[in-house]
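The same subunit A turns up in both complexes below, where it pairs with subunit B and then with subunit C.
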Partner chain A sequence: MEPLPHKVEIRVPFPSEQDAKLCMQVLAPDRELKEDHVARTLSLDGNYLIAKYFCSSARMTRVTLNSFFENLHLVVDSMHELCSL
Partner chain B sequence: MPDLTLQYTNELDPQHSCSKDLTVEEDKQTFYDSLKHQVRALQEYSNAFFTEKMKYETKIDVPEEQPIML
Partner chain C sequence: MIALGLEGSANKLGIGIIQHDANGEAIVLANVRHTYITPPGQGFLPSDTARHHRAWIIPLMKQAFAEAKISFFQIDCICFTKGPGIGAPLNSVALVARTLSLMFKKPLVAVNHCIGHIEMGREITGAQNPVVLYVSGGNTQVIAYSQRKYRIFGETLDIAIGNCLDRFARVIGLSNAPSPGYNIMQEAKRGNQFVELPYTVKGMDCSFSGLLSGVEAVANEAMDGINANEITKQDLCYSLQENGFAMLVEITERAMAHVGADSVLIVGGVGCNDRLQQMMGEMCLDRGAKVYATDERFCIDNGIMIAQAGLLAFKTGGICSLEDSTITQRFRTDDVHVAWRE
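And now, the complex of A and B:
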């Protein structure tokens, strides 16, 4: 296992605890492709989704976070569309 | 006002940590539009920040994408 010195915490607000929990449930099943270079935890703090990443390098951190933001944007966009129905 | 936040620390170089806060509109009608906009903004910030840090890194643990050979 590689050392993982690069630590990132992202806090994402939602209108309610239920919405935050729903987003976490959608994101949780997808595992990181390089689990020896990236570790991830997802948790809730009230109506906030907390994503913590531990990465082996700046390059790995950039790639990992870019993927996370893409997925997050997709989930948030979907939740927005469904809420408007 | 709710904030979308990113906090970064490097255990090997703690002096060069960073923190970014982006405010999301609280109004329920505009919340998700605002959140989507700020997610993209934070993604851009993150990509720029870590691309800069990569200049000082010799470790290559993400292979370059290879073309698909048919």
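And now, the complex of A and C:
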């Protein structure tokens, strides 16, 4: 039995490659809290940010992805709203 | 030079913009804050607090820049709280700091929350090398500066004095607006009876968990009608403050005696408390020493203190890379190399 059998890949489109790269650089430094339950990779594909998650259970997947979307939402909103400061 | 400061280690989200003129004098260009206030009887939980910060950081940022009347291009560095504090809220704020850093190509400065309080206290009051009493909901430390470190002379062995006050406020159903500590202070002024409670000072340190258990036990007895002396909420708030603050005055005085200090600087949210300032003043009068304290703009968690401490660090090369811009729940005051002082 694999330790992290639940796999999810999320492809987030951005207006440009630079925007996708910026978002990736903002999210990359933080490590997952439970590294024996969640593994994550972040990569770029043109103007897409690719987040791949490998989780130990359905519950961990749900919790982790909720957190990812909350943070992604915050970063994207900040990029959109604060660029004109 | 101009610094932006972002603070969100507990339930207060603060954004500050500070300017240092050619003489190093600090001018506050903006200091805005929004507090996550829970209903009476409830504390604030990490994920809810982070949700509050995520919801408010963008409008608060716009408000700060509108007040400062500057554009982001005039900012020299982006300072944010690295820790100590609560993980999820700290992290939400760090994400925005990183985003701004990359968007506007400005350096990041990671700041220790406790040092933020100390540096803002020094700047506002002009205190010269005081013993610092740092008291808040999350921290209780007696600090003195020596050879490029803010050294911890004494601290709580368990919970902070502010945590003790806040949790007692929940037991007696006080409102959390504007803060539970403020409401305890107001109720205490109407107290008449002093109730004996556990007094726990251990050398240079102190402990508040026994005091909390003790005052909760008396409160529960009073609410169940067990108490013959008709002890009121006001009496308990009064007794809790007298007892807890006396402990703080004792460990502060002990540190002052050790280092031969002639002044005390009180920082942190509990530093707003009139009674604590008064009791500290009485001890200092006896010693021929002075008490320094700031008002609620600066003693309650705020962004300007992060900007101030951050700008001091920035001027002495304290830049943080993206990789190092992670947050940490535990960050000792004496782990920071204070490069900006002798």
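Note that the second predicted complex is superposed on the first by the 80 of 85 C-alpha atoms of A that agree within 3 Å, B and C clash if a C-alpha of one lies under 4 Å from a C-alpha of the other, contacts with A are read in each partner's own complex, and residues count from 1 in each chain.
Criterion: a residue touches a chain if its C-beta (ideal position, glycine included) is under 8 Å from a C-beta of that chain, and two chains touch if they have at least 3 such contacts.
Remember, it's a predicted structure, so these values are computed and weren't measured experimentally.
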Return first, second, both or neither, reflecting whether A:Val12 touches subunit B, subunit C, both chains, or no partner chain. first
Could you look at A:Asn71 and tell me whether it touches subunit B, subunit C, both or neither (first, second, both, neither)? second
If you stack the two complexes on chain A, which partner ends up touching A:Thr61: first (subunit B), second (subunit C), both, or neither? first
Does subunit C touch more residues of subunit A than subunit B does, or is it the other way round? B
Touch check for A:Cys83: first (subunit B), second (subunit C), both, or neither? both
So subunit A touches subunit B in one structure and subunit C in the other; where do those two contact lists coincide? 70, 73, 77, 79, 83
What residues of subunit A sit close enough to touch subunit C in their complex? 22, 25-31, 33, 70-71, 73-75, 77-79, 81-83, 85
Per the contact definition, I'd like the list of subunit C residues that touch subunit A in the complex. 50-51, 54, 57-58, 61-62, 65, 71-72, 87, 91-92, 95-96, 98-100, 102-103, 322-326
Within the complex, which stretch of subunit B touches subunit A? 2-12, 24, 28, 31-33, 35-36, 39-40, 42-43, 46-47, 50-51, 53-54, 56-57, 59-62
Show which residues of subunit A lie in contact with subunit B when the two form their complex. 2, 5-15, 34, 37, 47-48, 56-63, 65-66, 69-70, 72-73, 76-77, 79-80, 83
